[in-house]
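Look at the two complexes coming up: chain A is in both, with chain B in one and chain C in the other.
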Partner chain A sequence: MALLEVRDLSVTYSPRDAAAVRAVEGVSLTIDDGEFVGLLGESGCGKSTLGSAVLRLLEKPAAVTGGSVVFDGVDITAAGEDEIRPLRWAKISTVFQSSMNSLNPVITVEAQFADTFAAHPGCLPPDVDARQRAVDLLEMVELDAGVLRRYPHELSGGMKQRVALALALALSPRFVLLDEPTTGLDVVVQRAILDRLRALQSEFGFAVLFISHDLGTVMEMADRVMVMYAGEIVEDQPAEAMMSRQLHPYTQGLLGSYADPRDAELGVDYVPGRPPNLADPPAGCRFASRCQVAVDDCSTVHPELLPATSGAARCLLVERAGGTPVDAELSGRFVAARPATLDEKPVLAVRDVAKHYRVRRRGGHTVKQAVEGVSFELRPGRVTALVGQSGSGKTTLARLITGIEQPTAGTVSFTPSDGSALDVGRLRGRRLRAYHRHAQLVFQDPFGALNPTRTLAYALTRPLRNHLGLSPGAARQRAGELLETVGLSPAAQYLDKLPHQLSGGQRQRVVVARALAPEPTLLVADEPISMLDVSIRAEIIQLLDGLVRDLGIAMLYITHDLLSARLLADEVLVLKEGRVVEEGPTLQVIRHAEHAYTKLLLDSIPNPRTGSTRRNSRAGGTAGLPAAPVIRG
Partner chain B sequence: MTILLPTSSAGDTEGTEVRVIEAARMSRVPGWLVILWRNGKCRIGLLMLLVFVLVAVTAPLIAPYSPREDAFAGALGPSADHWLGTTARGEDVFSQLVHGARTSLVVGLVAGTLSTAIALAVGLTAGYLRGIVDEVLSFFTNLVLVVPVLPLMVTLAAYVPVKGLGLIVVVISITGWAHGARIKRSQIITLRTRDYITAAKFAGDSTARIIVREIMPNMTSLIVVGFMGACLGAIGGEAGLAFLGLGDPQTVSWGTMLNQANTGGAMLTGQWAWLVAPGVAFASLMTALTLVNFGVDALSNPHLREN
Partner chain C sequence: MRYFLRRLGFFLVTLWAAVTLNFLIPRLQPGDPAEAIVSRLAGQSQAVDPAQVEAVRKMLGTPDGNLLQQYGDYLSAVVAGDFGVSYTYFPYTVTHMIGQGLLWTVILVGVTQVVSFAVGTLLGAWAAYRRNSRVDSVITLGSTFVGTLPFFWLALLLIYVFAIGLKWFPEGGGYGGGSNPGWNWLFISDAFQHSVLPAMALLIVGPIGSIMGMRNNMVQTLGEDYARLARAKGLSRRRIALTYGARIAILPNVTGFAMALGGLLGGTLLVETIFNYPGLGRMMLEAVSSHDYPLMQALFLYITIGTLLANVLADMLYGVLDPRVRREEAV
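So, the complex of A and B:
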C-alpha cells in the first residue's frame, strides 16, 4: 500500500459574498515511501489547497466536499483531531513558502526545537540529548550550532528557511510536504537549499510532495511530476519522460516557457489566455478555450485522467491517439532578437554614483555602502538589464535614477531630447514631480502597485491629468487607448473595474499602462515579472519589448532572472555588493561570462536538464551525493 | 479566482475595503452596513438604535407634555396621566425621558464626529509626514492619553464660564480624540509605504490628495469603528458630567434627570420610576451601541465574517 493515497478529493470554497468555487476537483494521487513527487501548476490552480487538504489544515470557507486522504492507513479526512495530532510533524511535516514567518519571533531557535521534541515525547530516543539532536539537524542544513542561540529576526530569509526545513525533519518524518519552499528567496540561496534538500532526501528516504509554480525547480528536483490545471490533475509522468515528451498541450505550453539563457538561439513559447473561472467551470475540457489543437468534442466531453505511455494524461486527443502525445502548435512565441546597435544619444547618464546609508547600531553608526562607483548610460529604444542577487543594490540604483533618493557621490544626469541636462540628484518637490513626467517606474508586485479601492480609470487618469494636463473626458479616453495598447481590450470593459477583479498578468499590464501614460522617455522596470506565473511572463516581456522598440523608450530592466534579461536586454550590467563586476552586450556576458559571480548566477538557475543528468548519475550508483552544479561553457 | 487569494491578516484594512466595495456593488446600500446587518447581535443593536433615533426625532409628538412644564403636582408616582410620575418640581418624567434621548444622541453624534475628525487630522498628518511633525503631534497625542480624562473634563466643565450643551460637546471632543489618532497613525504608517502610494507620487499627485484619495478609502472601516467608539464614549461622558452636576441644568438629558432624581430624594419618596427610567434608557442605548460593535469587529477583521 502506498504511503499517501488521495482518492477523488474535492475541496470547495464557499464564501458568503461570492459563488462557491471548486478549487480541487476529483484529484486522485498516490505517493510511495521515499518518492519525490512534484506538483506543478499556475497560481489559482488549487495546488496549495490540495496541500492544505492533505495536511487537514483547510480553514473556512474551504472544506473537503468529497473523497478521502489516507496516510499510512489512517483516513485523514475522517479521523478526529486526537488521532491526527500524533501523526503531525512526527510522520507528516511541512515547509511552507512563508515558513520563515512561522518561526516564533520571541523564542530562540533552540527553544523552537525543544518545543517540537516536547510535543512528541516518544519520538526522540531517551539516550539522545535534545540539544545535540538540534545541532545535528542544523548541521544537516549547513547551519552552525551558534544559530541555536539566535532569535528568528537575527537570521536572513535563507537561514530561516533552512531552520524551517531542519524543524520539519526533526522527528524523522516519513512524508514532507513542501509548498513553494524556495519561492521568494534569492536564486543563489535557492540553489543551496535545493541541493541540500535533494541530498537529505536521498539519505533519509522520506517521501516528498513538492508543490511549486516554478517549472525549473520542480523538473530538476522531482522523480515524478504531476501537472495541475484548474483544480484537476492533467498530467502525471516521470520527470525525464515529461522533459522529452509532454503529453498534455498545457504541459507543452508550460515547458515551452522555459529555455536556457545560454543557448545561442533563444525563444520561449507561451499559452495565451487565462484559466477558466472555477465558480462556473466549462462542461468539457477545462483547457479547451486556450488549447490550439482543440477539436469540437473538447468543449463538450470532459476527459478523464487515463494511462498514456509512461504516465497519465487528461486529454481527449491523447486518449484518441492511443496515449501518445499531441503536438500543441503553440501560437505565442517570443524570440529574443536584438536589432543592431543604434548610435542614439544617451538620455540618462550615471557617473560614478555611490549611495551610503547610515545604519544605527548600539553605540554609534555604521555606514552601509549600497552602491559604489557605478557608471552607465541609457539610450532611447534600448534596454539595459541590471542583474544581481537581492541586496546587491539594484533597487537603490532604481531609486537614484528616478530621483526618489539622492546619491552620496557622483551624478545622475537626464537629458531630454529637447532640453538641457538635468541633475536628477538635486530635484525636489515640484521639479521632481515634473521629472516624473519623463521617468516612470514599473513595480515588482502587481498586487501592491494598484490601489485596491480605486478603479483602473482613476489609476490611469491621474498621471494624464497631472503631467499632460488633460481634461477629465480626454484623460478617460486616453486611459482607454492605453489599456488597448497593453492588450486589455475592449477597454470599456476594464475601465471601471477594481484591481482585484483582474488576474496578476492583467494587473501588471495596467501597471505598465500607467507608467506609459505621461509618455515617458525613461522607464525603470523593477523585477516586473518575478511575481507572475511562467506562462504570463513571456507575454509581459513581449509587451515591454514591443513598447520600448515602438516608442523609443530607454529602459532599465532590473532582475535576478538571467533568462528574462537575455530575452529583453541589449546590454547587461552584473551588480555585486553595489559594484558592477561585469558589463557588456547581453549575448557576450551570458554566453561567455568572465566573472565568477556571473557564472555563479548562471549556475544557480534551476535546470531540468541538470535534474536528468543527476537522476541518471544517481541510477548509476552514486545515490546520496548532492547534485553538483553542471557548468557548461 | 480572486477569492482564492490568501485572505488578509487582521491588520490589513485594504482587504476589508475591497469586500466592503463588493458588498456595496451588490446591494446598493453602503457596504459596511451590509456587513453590519449580517451579524445577528449587531442587527438587534441596529434596530434598538433605530428605535432611539426615531424617538429622538419625533420627541415632540411622543411626549405628552413639554419637558420643562412644571404645572403638575410634584413627586407623583406613576399614573395614567403621568406614566412615570412627576419630578419634585412637578415636571412629567416620561416627557423628560423622551426629550433626553435627543440630547444623548446629539452629543454622541456631534462629539463623536468632532473627535473622529481631530483624530483623523492628527493621526493622518503625523503618520504620513513622519519626522519632526510626527514627533510633535505624537507628543501631544501621548499627553492627552496620559492625562486622566474624567478629572480633566470635570475641571474644564467646572471652570469654563459659559454653560450649555456646546461646552459639554467641546470638552468631550478635545479629551476623546487621542486614542483614535494613535490607531489611525499606526495604520497610515503601514499604508504609506505601499507601492501604489509611490505610484501616485510618480503620477504627480499632491500629498493632500494622496492622503485623502489613496489612503483614506483604504481605512474607512477603521474610521467607522473609531466613530462608533467615540460616540459611545461621548454619550457616557455627557451622562457622567450631567450626573455630577456639571452639565447645563436647563438641558433635559438622562444625566441631569438622574442628577435631579438623586438630589430630589427620589428613593426616599418612593418615586422609583424617576430614578430607574433614565438609568434603563441609558443602559439600553449603551447596550445597543455595544451590540453594534460586535458587527464592527467583523468589519475590521474579515476572518470573523465567514461564520
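So, the complex of A and C:
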C-alpha cells in the first residue's frame, strides 16, 4: 500500500462575502515510501491548498468538501486532531514556502528544536540529548552549533531555510512536504540547499512531495512530476518522460517557457490568457480557452485524468489519440535575436562609480562598499543586463542611476539627444524631478507598485500631467494609447479598472505603461518578471523587447535570472559584491563565461537535464553525502 | 546594553527640551501677570495702581535678571522641586499640593490601569484562542458595546444606582467628614469606600483597549506561518497559543500599557471631576479655571515627565521582550 493516498479530494474556500471557490477539484494521487514526487503549477492553481489539506492545516474559510487523504493507513481527513497529533512531525513534516516567517521570531533556534522534541516525548531515544540532536541536525544542513543561540532575524534567508529543513528532519519523518522551499532565495543558495536536500533524501529515504511553480527545480529534483492547473491534476508522468514528451498542451506551454541560457539558439514559449475563475469553472476542459488546438468538444466535455502511453493526462485530444501527446502549436514564441551593434551615442555613462554606506556596529562604524568602481554605458534601443546575487549592489546601482542616491565617488552623466550632459549625482529638487521624466523605473512587484485604491486611468495620467503638463482630457486619451501600446486593448475597457481586477501579468503591463508615460529616454527595470508566473514571463519580455526597439529607449535590466538576461539583453555585466567581475556581449558572457563567479551562477541554475543523470546514479545506489561547500548567504 | 543606554540618552535630551520649553513658553506670552491680577482684583473699569502692582509682584516673587539668569534659577528650582506658591491654595506651595493629589491619583488610576491591562490581555487572548466561538463573540461584542457608551454617562449611572439608589457607596469625594487623613484604619477604609465607584467606572472601560488589541494581534500571529508550522509540528493548542500567539501578540499592548501609565500623572480628568475625587486631574481643572499659573506649569511639567518616563519604560520593556528590536538598534 502506498504511504500517502489522496482520493478524489476537493477543497472549497467559502468566504462569507464572496462566491465559493473550488480550489482543489477531485485530486487523486499516491506517493510511495521513499518516492520523490514533484507538483508543478502556477500561482492560484491550488497546489499549496492541496499541500495544506494533506497536512491537515486548512483553515477557515477553506475546508475539505470531498474525498479523503490516507496516510499510512490513517484517514487524515476524518481523524480527530488528537489522533493526528502523534503523527505530525514524527511521520509527516514540512518546510513552508516563506521560511522567512516560519520560525517564531521571539525565541531562539534552540527553543524551536526543544519544543518540537518536547511535543513528541517518545520520538527521541532516551539516551540521546536533545541539544546534541539539534547540533547534529544543523550539521546535516551545514550550519554550526552557534546557530542554536541565535534568533531567526539574526539569520539570512538561506540559513533560515536550512534551519527549517533541519527542523523538518528532526524526528526522522517518513514523508516531508516541501512547499516552494527555495522560492525567494538566491540562485546560488538555492543550489546549495537543493543539493543538500537531495543528499539527505537519498541517505534517509523519506518520501517527498515537492511543490513549486519553478519548473527547473521540480524537473531536476523529482522522480515523478504532476502538473496542476485550475485545481486539477492535468498530467502525471515520470520526470524524464515528461522532459522528452509532454502530453498535455499546458505542460508543453510550461516546459516551453524553460530553456538553457547556454544554448546557442534559444526561444521560449508562453501561453497567452489566464486561468479560469474557479468560482465559476467552465463546463468543459479548464484549459480550453488558452489552448490553441482545442476542438469544439473541449468546451463541453470535461476530460478525465486517464492513463496514457506513459503516465496519465487529462485531455480529450490525448485521449482520442490513444494516449499519445498532441502538438499544442504554441503561438507565443519569443526568440532571442539580437540585432547587430548600432553605433548610437550613449545616453547614460556611468564612470568609476562607488557607493559606500556607513554601517553602525558595536563601538564604531564600518564602511560597506555597496558598489565599487563600476563603469558602463547605456545606448538607445539597447538593453544592458545587470546580473548578480542579492546583495551584489544591483539595486544600489539602479538608485544611483535614477538619482535617488548620490555616488560616493565617480559620476553618472546623462546626455539627452537634444541637450548637454547632466551630472545625475548632483541633481536636486526641481532639476532632479525634471530628470525623472527621462529616467523611469519598472518595479519588481506589480502588486505593490500600483495604488490599490486608484484606477488605471489615475495611475497613468499622474505622470502625464506632472511631467508633460497635459490637460486632464489629453492625459486620459494618452493613457488609453499607452494601454494599447502595452497590449491592453481595447483601452476603454481597462481605464477605469482597479489594479485588483487585473492579473499579475496585466498589472505588470500597466506598470510598464506608466513608466513609458513621460516618454523616457531611459528605463530601469528591476526584476520585472520575477514575480510573474512562468507561463507568461516570456510575454512581458517580448513586450519590453519590442518597446526598447520601437521607441529607441535605453534599458538597464536588473535580474538574477540568466535566462531572461540572455533573452532580452545585448550586453551583460556580472556583479559580485559591488564590482563588475565580467562584462561583454550577452552571448559571449553566457556561453563562454570566464570568471569563476559567472560560471557558479550558470551552474546554479536548476537543470532538468542533470536531473536525469542524478536519478540514474541514485538508482545505482550511491548513498554517500557529497561534500558540499558551506555557504552562508 | 547599548540599546538601553541609547534609550536613556534620548530620554534625557527630550526631558531637557521639555523643561526648557516649559520655561520659555510662558515668558514669550505678552502681558504682565502682576498687572493682570491687579486689574482683575480692581475690576475692569478702574485704573491700575502702580503700588498695588508692585505689591503683587513682591508676593509672586517676580523674576530678576536677564533671561539666561532666570533660566539658570528656574533649572535649579526645578531640580530642587520648587515650583513656587500656588495662587488658589495660598499659602501652600505647588509642590505640596501636587504631592497631595499625586497619591490619590496614583492609587486610584494606577491600580485600575494595572488591573485593566491584566484583565484585558487575558480576555483578549482567550477570545483569540477561541476565535469565532461564543466566548469570542461575547467578549468582542461586549467590549465594542461598552466602548461606545459615553464614559460620563456610565459614571453617572453608577452614582445613580449604587450611591443614590442603593446607598452602598458615597457619591463622591476622596474621604468622608468623619475621618482624619492619615494612616489610621478608619481613614483607609473610608477612602476605600469612596474609591470603589470611580474604580468601577475605570475598570469597566479600561480593559477594552487591551482586549481589542490583544485579540486582533493574536488572531494575526496565530495566522502567521510560524503558528501554522507549530501546528504541523504537533504542538498542543495551548502551547501554540502561549508561545506562538500570546507571547508575540502582547508586544504592542505593552507599549500601550506603558503609555497609559504615563498619562496617569495627568490624572483622569473626567473621572475625578465626576466623582469629585481629590486627584491631579481635578486639581489641573481648578488650576486652569482659576489662572493658577505656577500650579499649571508644574502640572504640565509633571505630565510631560510622566509621558517621557513611560516612553522609556515601554522602550526598555520592548527591548527585553522582543529580541528583534535590540538588534535593529545595534546595527
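We take it that the second predicted complex is superposed on the first by the 619 of 633 C-alpha atoms of A that agree within 3 Å, B and C clash if a C-alpha of one lies under 4 Å from a C-alpha of the other, contacts with A are read in each partner's own complex, and residues count from 1 in each chain.
We adopt the following convention: a residue touches a chain if its C-beta (ideal position, glycine included) is under 8 Å from a C-beta of that chain, and two chains touch if they have at least 3 such contacts.
Small disclaimer: the values here were computed from a predicted structure and weren't measured.
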Chain B and chain C placed together on chain A: clash or fit? clash
Quiz item: Thinking of the overlay built on chain A, is A:F96 touched by chain B (first), by chain C (second), by both, or by neither?
Solution: second
Practice item. Pick one for A:R7: touches chain B only (first), chain C only (second), both, or neither. Key: neither
Worksheet item: Touch check for A:R351: first (chain B), second (chain C), both, or neither?
Response: neither
Looking at the overlay, what does A:R88 touch: chain B (first), chain C (second), both, or neither? second
With both complexes superposed on chain A, which partner does A:R133 reach: first (chain B), second (chain C), both or neither?
neither
* Scan A:K60 for contacts with chain B and chain C and give back first, second, both or neither. => both
Exercise for review: Quick one: classify A:A119 as touching chain B (first), chain C (second), both or neither.
Suggested key: second
Should A:L441 be classified as contacting the first partner (chain B), the second (chain C), both, or neither?
-> first
Query = Just chain B (first), just chain C (second), both, or neither: which does A:R245 touch?
reply = neither
Among 61-69, 151-159 or 205-213, chain C is struck only by the chain B stretch 151-159
Chain A contact set shared between chain B and chain C covers 60
Listed in rising order, the residues of chain A that touch chain C in the complex are 55, 57, 59-60, 81, 84-90, 92-94, 96-99, 101-107, 115-116, 119-120, 151, 153-154, 164, 167, 359-362
In their shared complex, chain A is touched by residues of chain C numbered 2, 132, 223-226, 228-237, 239, 243-244, 247-248, 321-324, 327, 330-331
Seen from chain B, its contact residues with chain A in the complex are 1-5, 14-15, 17-19, 21-23, 26, 38, 194-196, 198-205, 213-214, 217-218, 305-307
In their shared complex, chain B is touched by residues of chain A numbered 13, 15-18, 21, 23, 44, 46, 49, 60-61, 275, 277-278, 402, 404, 433, 436-437, 440-441, 443-445, 448-454, 459, 462-463, 466-467, 498, 500-501, 503, 511, 514-515, 517-518
